[in-house]
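You will see chain A twice below: alongside chain B first, and alongside chain C after that.
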Partner chain A sequence: MAATGGFVETDNAEAIITRIEHKSRKIESLLKQSKPVEALKTALEGSPPMTRDERCKSANWIVVHRAIMAIKDVDGLLSSLDAEYYDILMKYLYRGLSTGDRPTCDQCLRIHEKLTERAGLGCILRSLADTVNAV
Partner chain B sequence: MCLQNFPCQEVERHNKPEVELKTSPELLLNPVLICRNEAEKCLIETSINSLRISLKVKQADELENILTKKFLRFLSMRAEAFQVLRRKPVQGYDISFLITNYHYEDMQKHKLIDFIVQFMEDIEKEISELKMSVNTRGRLVATEFLKQFI
Partner chain C sequence: MAAIAVHQFAQCITCHAWSPDQSMVAFCPNNNEVHIYRLSQDKWEKVHVLQKHDQIVSGIDWSARSNRIVTASHDRNSYVWNLEGSEWVPTLVILRLNRAALCVQWSPKENKFAVGSGAKTVCICYYEQENNWWVSKLIRKRHDSSVTGVAWHPNNILLATTSTDGKCRVFSTFIKGVDTKDSRTGPSSDSKFGEQILQLDLSLSWAFGVKWSPSGNTLAYVGHNSMIYFVDDVGPSPLAQNVAFRDLPLRDVLFVSERMIVGVGFDCSPMVFAADERGIWSFVRFLGERKMASSGSKYGSQFSEAFGKLYGQSKHGVSTDAVEPSRSRGGVHENCINCIVPLRQPGISTVMRFSTSGLDGKVVVWDLENQADLSDYL
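Showing the complex of A and B:
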């Protein structure tokens, strides 16, 4: 099962990267229209699941990072986001916290606090325990 | 924080903290790195029977660098007394804690967490106090010494 997974990925890595680039252009245009909430939703929606390829993950991270930094209204974001994206967002927040870059960390901590209130401790635990879908 | 006893899978009758060895990936969780800013970091690694917390303390200048190193080395040498302290900090960090399931059985969970938080606050206070006392002493000594040249 792992072997077939591997085969699928090498074919799809390029496809995923082109899809991510496509997505980033859409997100740039959404950000220009001052719709950061929509941008973040789009960024999280296309997150490639079960990819081992570091390039796909980094490419997706750059896109999500852009969207996260543009968010000003955290409460509005969380009320409009579906519950299934809470886990993905939490994983990206932890990735952001590990970067060490001051503004990123500040923004991530702010969103993290609100997201924990909303999603509870289970969300954090799932981001810790999920080694298959690591972001 | 959820730790349970887990005898070693590779060697019979051995019981090792899995987070230190990292031999079986299925026993480990994703490590979490939280950075307050470029200078301060906290790395939390967990496994089924142990948890390792590594901290990097903020060091603004050379003097604080030396003080931090000496002070934390002093504490790490006496790690036996603290029980949850690790004798050597993880590479790239200033101090590390290793909490195993045995500690968990003996001590209360929230007390352990309070201890670590308290420890972090106390370290910062201690280091700034040490720095101030070093500066004061230096100034006094220099004044006394240079008085003879007036």
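Showing the complex of A and C:
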């Protein structure tokens, strides 16, 4: 897969960080309007593709984490979230589980159970195989 | 019910193929042999054992018109078997490989066959009359990894391959003296041997099980990330569709008609996909008795089973075996299905019957007759 190339270099990282900051502000305002689903959608969109820059990845994760933790009604969320977001959401859930942080893991496991019920094991496989979206 | 016959032939079957009249089946019971069984008076009888390979036989194909069997094996060789009297006589085909041969298929005219290998190459083999010898011509330096599947276009020239580098490729296999000019049509019209017509980079993980539709207009293959890919207009500007499904990945597919495909794999039950009037492909349902309504609860039970194992509470009291078969879900196969073969009726392009074999050692024959909801697509 190394041949696919196109990894973002450090000078590009600044642009990504700016985009993430912008995304963060948008999510905050959506959360203030109690639109957690819209916030999560915004968070899942435009994850930095093919970046190796850890700073970008963690900045992006903080934003997505904020949106994931704001979810209260998991069933309601999944029924209003389009199926195209399932795979990338699953990938972020595994990122959340890897943090080992108790409240994060609790929340991720809760969503994981419902998401697996809805999207199946195929969704987990796709999130494992995904090499385009860096989370 | 769609499964009309279930035969437990061995512990595990790597691949199988049917004789032209479908009275005999050849399969490899996960070793270096090929067993041929014949149905006589409702009982399957072992009639031949083909012993020549040194390692696991990974591919078998039985040609429909010339009644020849070609086998490919991890021992890096292929044999073409001819029936002389009551004996199958092997002819060694030197493939010139340094890795295992993984799959094999006769071309539609049966004058060539293709072998995919772990050596990142595809061998196109043809018979040379003057030397009484099968010659292997290699397509090299095109694949970045093992070739897991090969499929011939009905025009006998184009060959599609899948590879563990995640790509699906289409090559011209025109060989002077074997193929005639008039058979060259469409995108292959002036391409030389080994020329790459198309490379599809749709999958992010291993690709398996490539097939052409009966007309050769559509190409389908599967990815190990629970996706299936459909490609129309194979040529300079292909149209691709990616279909994600909710269950475990597929290993192989079969076009039963232009608009319907059956996929088999790690989910143990064949899945049906079909194209609507606009040509949009989607998952229809599983074949077999499995009820769709129970799909919600099965994950719960599966997880509790897994947790039971985790905490050493054996829920079912048994399972002392080191190797457990995959969950069967009430289906016919009890483990991964890795091979699907059509049972064609002469003169009909639609496949009404096909057989599957897998790691559970069963060969299952399926019939699509009386499947009311599927008949629209046939």
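Definition applied: the second predicted complex is superposed on the first by the 120 of 135 C-alpha atoms of A that agree within 3 Å, B and C clash if a C-alpha of one lies under 4 Å from a C-alpha of the other, contacts with A are read in each partner's own complex, and residues count from 1 in each chain.
Keep this in mind: a contact is a pair of C-beta atoms (placed from the backbone, for glycine too) under 8 Å apart; a residue touches a chain by one contact, two chains touch by 3 or more.
From a predicted model like this one, the values you see are computed outputs, not experimental measurements.
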item	value
First, second, both or neither for A:129, with chain B first and chain C second	both
Which superposed partner A:87 touches (first chain B, second chain C, both, neither)	second
Touching partner for A:15 - first (chain B), second (chain C), both, neither	neither
Touching partner for A:121 - first (chain B), second (chain C), both, neither	second
Chain B versus chain C as contact partner of A:62, first or second or both or neither	neither
On chain A, the residue positions that both chain B and chain C contact, one per complex	128-131
Touching residues on chain B, where the partner in the complex is chain A	25, 28-30, 32-38, 41, 46
Interface residues, chain A side, partner chain C - complex	3, 87, 113, 116-117, 119-123, 125-126, 128-132
Chain A-touching residues of chain C, taken from the complex the two chains share	144, 204-205, 223-227, 244-249, 296, 299-300, 303
Sites on chain A touched by chain B in the complex	94, 97-102, 105, 127-131, 134
